[in-house]
């Protein structure tokens, strides 16, 4: 509901203050370095104790194309994307369109250099005389356009009533509190703030008031959290090939490992290799996992396609490996800087022949961290490639979260036999189902025992890992692999379920769509009560079946075009498939609560 | 039912003759050249007018590993795999096991050099004194082991009562009637035949009697038929990388094209490129299809994995391409010389992001030929990669078939605008849905018109093919692609349906499993009448829905482990998913009618 | 075409086109990017050579460099392929229509890293096309990681320290059988134009390895003049994506045999040495030797390094005549009689 | 181990193993295949060098050649990877445990065609391993198509006529930065052994490009002695998969500088020339020149062509110490305190 609606509701002419509940968008051009300014705003609000979240909608180039940074504050703690009431118009190329999208009652803070901006009489305008504000600031001329961004920080602070102390603190965090840098930026912020105080009259209803909702929380990107999880999960070999939006995952890993993972003598307990492409990255991970390392790679859609053959190999030869897919919009190159959940079906059965792979779906930085270490455990426990499907929204944007929980279980290394055990057992059969769980035992190269060796091959093999073209060997082995997958059902993270006692309708989702859905559920609470099952992994366990069984209609809501998870669930629960419906959409932007709400009501109307 | 059962049934002590209804297996080692001998037998039976089919079960090496060649004759025309009553034991390595598998009442023709062959008193033994039979035959010593195979041809001919004239004619066909070759081989056959007549007493019931069932039929492998279809479909650029079992498809293409596709001046109207790998093969096909060639590649599972990224590209940029996947057993390298239907689900949505591709499923050499040309039409009509999923059994074995029908429609080149049309239209928009069928218009490079050019990219684009990151452009484009896929439903070959009026049970299958299923249906006719829908393509059309709707239970029978097609059908028909059941199995061997029969009865018992 | 240029004062070339007619859409690359300079030269020579836009195809892989075909020859068909896969796509397109002139633009990552295999095999097949590598030693589009052509020991703010020896694409091309191998510098407009023109007339694959500095990421950490004070501690700034405005580098054309060091945006220097008048580009060994020595002395030799027009192009080898894309359905589909006759031998 | 050899008369080496202990499972390759000869030499030198089987890993891609690791060192871990992807797998395995000795076996198709990219980048990283290419100029396992190393103009019964120049893997390795580049002939057991031993002690990647004739498919059409009368008309025979029995080719060791032509199974000849005593393998340019000349004269030079132990291996560059595969969970997982402390900066 936009500002005007609110006003009418309140029956007021003059706006009632709107406190800690609105969205703000900063429109700039890529390469101007506005990220620093935007994060300064984000951190300022965070430091005020107000639930906040920022989403960067950026282009696939390095300089010049339009970028939007959305910040939402919500005293109720909602962080889903929401159309903004406040626009900071600093990009001439998009200013007109950006302005049109403002709801009436909105605010437009604009760079005073912008020529002939359309005038709307239902919104408030505040100019920012950038030129005069940065005049004489001592920075190299080249960096002027960059420092200029600080001007809008000052004006926004004025408009929302954020004290400069808070801003300075936030700025400090940005620059590791390096005085010279902080000062050169703060100078501009201050000037802008003073100028606004002296020359502008606040006419809009938007204000921020301190709360205590962010006490003790951390703020981090999903890629950083995932990488940190991997560091505590004992990743020892990481191989990758750069691709947006997974690059910052590996950047974080390369930044964190040296700080946290040197042994007592200062030697690294890890190595990170930039491969020549994704085929090589996958191969390195396979080789490393086979030889006993905790190995991972991170990539995105195109990389997943290139890894298909190796993943099929890893499934069949039973080699532990972790593959992070930070999903972006596909098919093909698609929209490399937009978010999506479009690789789910592809990753689930990636590779030719009969293959299936466990997939974890983090939805928060807490889960990124948790799955960061857990995925490495699962890969070695199950001796198979394990996927973690994150997305650009989660991976590259900053999210609030509880400080991460230290791993609550000892590191799982799976069924690995050492020389002593081999001696005791008198040998082993690599692909034999000793324990009935479908998971065989393995040995590592270098194990000092004459019976340790076995031969790994992607071709048909018997329990002794010998080459075999026998029909019975093949059938037995595939049956065991299927048994292993059954074991996986209860090893992977169970779904998070919010069961509404009287709900006839159940919702199923995974990953970051949860935020729009949770907000929509609250809005619909009276009108259309729903239960919510958030998948945290595939394959599904019994709880998912029970959930579907317990509701008349189940909607699978996802951020892709073809309703991929819906298809998977229908195929796995044919007896309930008729009640499983798809609500799927993808245009590169995160879902909004309003959209979810409308689509649900529509669907129910036709039900 | 085996011979003994038959005898008991007939209440006879002495065997009643079994005429034109049995299977024979020749067990040899790879590299001994027994193929010539085996095909000579196959052709002899064919020339007798008896329905016959041969399956080569060979190893993934070049010399030494075991090979079995199964020949089934059936006056009823059944050609599915069936356990053999007659064994030609020429491979010491497998003789014991091969012998165990003979049904009682069976026959074992063995190489007399074989030492201590187990003696069974319920089968008939005929030795073949190879050594003495080839003694003094004038061929280079190196070729002796090869020529030796002709010895069992002679003995089998004697045993089944096949005249040497017929054998000689068959041999002739093998060697393009080149006298010297025919004679050197026939010599051995004759000797063996004479020796058998003089030294052996026929004790078994198996005999062949001439029929007229093969009149006018052709005999060919599926790969040859598919390649021939492509030749008549106007393939102009073919790129490939060798991989079993697709290699013989390209070999046939390279053999046929020079014979059939030179222009009036003797210039080739085609080119065939051996690429450095499958990624390159796919790229060549994409480039060629984009530039206006009729392009195809042939590969198998591992190649499909490597082509994933390009197929995702082709789907999104809308480039015509044909990809033959001659399926072998996966995952990974799997069993490269065994048959499977294991790439169905993978190929259907190959590539990251939301992608879907038409797939054709040939089940006979007639359909290989038909889909050979039709797939090229469909690719250009739909402007998208089109798959043809054959399998090793169909592709590499010899099948009887009706002489192929010449294409019954003019060649379809799809929506391509030339200079005149562009002039008339005043330009075009590459990705605009002008006709409402989701299929846009394209132009070819080299079109002499200033408005002909457009820019092809795998990244987000608008209707004018311009780069776009706009949410609305993306959503609109994906919606159109979905519309195009709906159009495909009724363009691809419709299913072949045999509707049994009173059947409660429907069977769905595709490809070569049809033969075992058709035989099983006949056997079950009274006990369990069934309807049969044979999918000839994906995506499915309304007929498939109607078929499922018309039956209480539908069994999807397929040659893979995970019931891949069953999963696809459940996902596409959620409302009927509950009645769709999977009967899937894969051990590398083609299905038998008996297995289908038993599994169906089991399933119905539990239904 | 003329109607595009009504009896105006605009200078038209022999095919009636103005230079503007060879432009593409506006570049979305960074200001000052070497890739932009190269695009301008392509426009220039296309105009000067009176090329018919419809007879040209533009191809590329993925990367900043690979985006540039969108920024020149807007009236020619373009194909922005997959990362590292331009060679196979070009091969296919030129088999379908071998009469087209192909200009391919790739990057050092696109060619030297993920694309190495296809690059080598394209050269081996001698597909007739101009293959431009806009070589900046980094992955620009993914924000500055080292590519396989980065100098050993190079220290960059974002990418860190490069431990591996550089791939010399000219050497790679020569031993792969390429008959036209040249190296230049994006700032030397004249030489780039001359080499482009020569390359377009070559019989097979012509490689142009053009040093094309990246404004945004190829800036040395220790360079006094690198952006934003240039101490390691500035990293955050940089990572937050501030790309200062820069001018494209343009230098006076090098004279034959001339040696010159050129200052890049970040103040770092590269050494260029133009080949001597008397240098004989037809001697394969000499070419390899020259490149090897240059590598050891850390300079880039520029000019036509190796030339050998002997080998036939792929289209020649395949004996292509009428472009396959122009064949009539009659030419593509044999007669019904042919089918019947053919099937005889399978009875 | 001794218990495998009860106080017997069998000759044991310094680590108490008999030569048999280094055998693998029986070969399923064709009789007479050069690959078998090479496998035997690996067994021989492993015995002679007293290698501990558990300290060795065997790796390969896909192909007949790539099958052979199954046929030697049965007590060592083996990894039969994907076609063309052995290099990346070896890289990963040796990062996980850099103390292992790695013997990789590939084919000319596996390395020169699909594997070109990974091959080049393995050399560039200088991963410590012995990289053997069993080079027969064809794809054996898929029945004899030309590989990228087949001589230009070669005519084979099945594959037909080869129109493209051969990839010289030794040259490729040298310019990619490989510090140990040798070529030999499978039939020269002594030289193969010597080179294998030297390669095993090299600091980084050691390439052995070993000419290894294919009995089944590398037979020239016009050769008088090729199988089955050898006229084109015999093709059907051949296609029906008859592989005559053949002996492995074994020749008297070549002496330094010696030139000799060797007759292959099909009667065709190859020319071998052993490097001279005074040949200096440490000179990169000289090595390239030597290879180039040999190519022109159509002979194979054998011996250690290039040697340069200067470059550190990947493991050295990555400063690996305790093998990563042997780290304890304590070493792999930082403390709870470390986590809390680290998170401070994200508040």
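As written, the chain order gives the labels A, B, C and D, with residue 1 at the start of each chain.
Operating definition for what follows: a residue touches a chain if its C-beta (ideal position, glycine included) is under 8 Å from a C-beta of that chain, and two chains touch if they have at least 3 such contacts.
Keep in mind it's a predicted model, so treat the numbers as computed, not measured.
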Quick note, more Cb pairs in contact for A-D or A-C? It is A-D
Looking at Cα centroids only, farthest away from subunit C lies chain B
Subunit B to subunit C, mean C-alpha position gap in Å, rounds to 44
Distance between the CA centroids of subunit A and subunit C (whole Å) is 36
The positions of subunit D in contact with two or more other chains are 28, 82, 113-114, 116-117, 121, 148
Multi-chain contacts in subunit A, i.e. residues touching at least two other chains, fall at 59-60, 65, 276-277, 302, 309, 313, 332-333, 457-459
The answer for subunit A against subunit B in the complex is residues 59-60, 65, 301-302, 304-306, 308-309, 312-313, 315-317, 329-338, 340, 342-343, 345-346, 349, 351-356, 457-460, 469, 471-472, 474-475, 478, 482, 560-562, 564, 566-568, 570-571, 574-578, 580, 585-589
So, in the complex, the side of subunit D touching subunit C is made of residues 113-117, 120-121, 124-125, 148, 163-165, 167-168, 171-172, 175-177, 284-285, 288-289, 292, 311, 317
Within their complex, subunit A touches subunit D through residues 216-220, 224, 228, 231-234, 236-237, 239, 256, 259-261, 263, 265, 267-271, 273, 275-277, 279-295, 309-310, 313, 373, 403-404, 406-407, 410-411, 413, 443-450, 452-459, 466-467
Counting only contacts in the complex, subunit C reaches subunit B at residues 1, 4, 25, 28, 52-55, 57, 59, 69-70, 74-82, 85, 87-97, 99-100, 117-118, 121, 318-327, 329, 331-334, 336, 338-340, 342-343, 346-347
Touching subunit B in the complex, subunit D uses residues 28-31, 62, 64, 67, 82-84, 113-114, 116, 139-143, 145-146, 148, 216, 227-229, 233-234, 236-237, 240-245
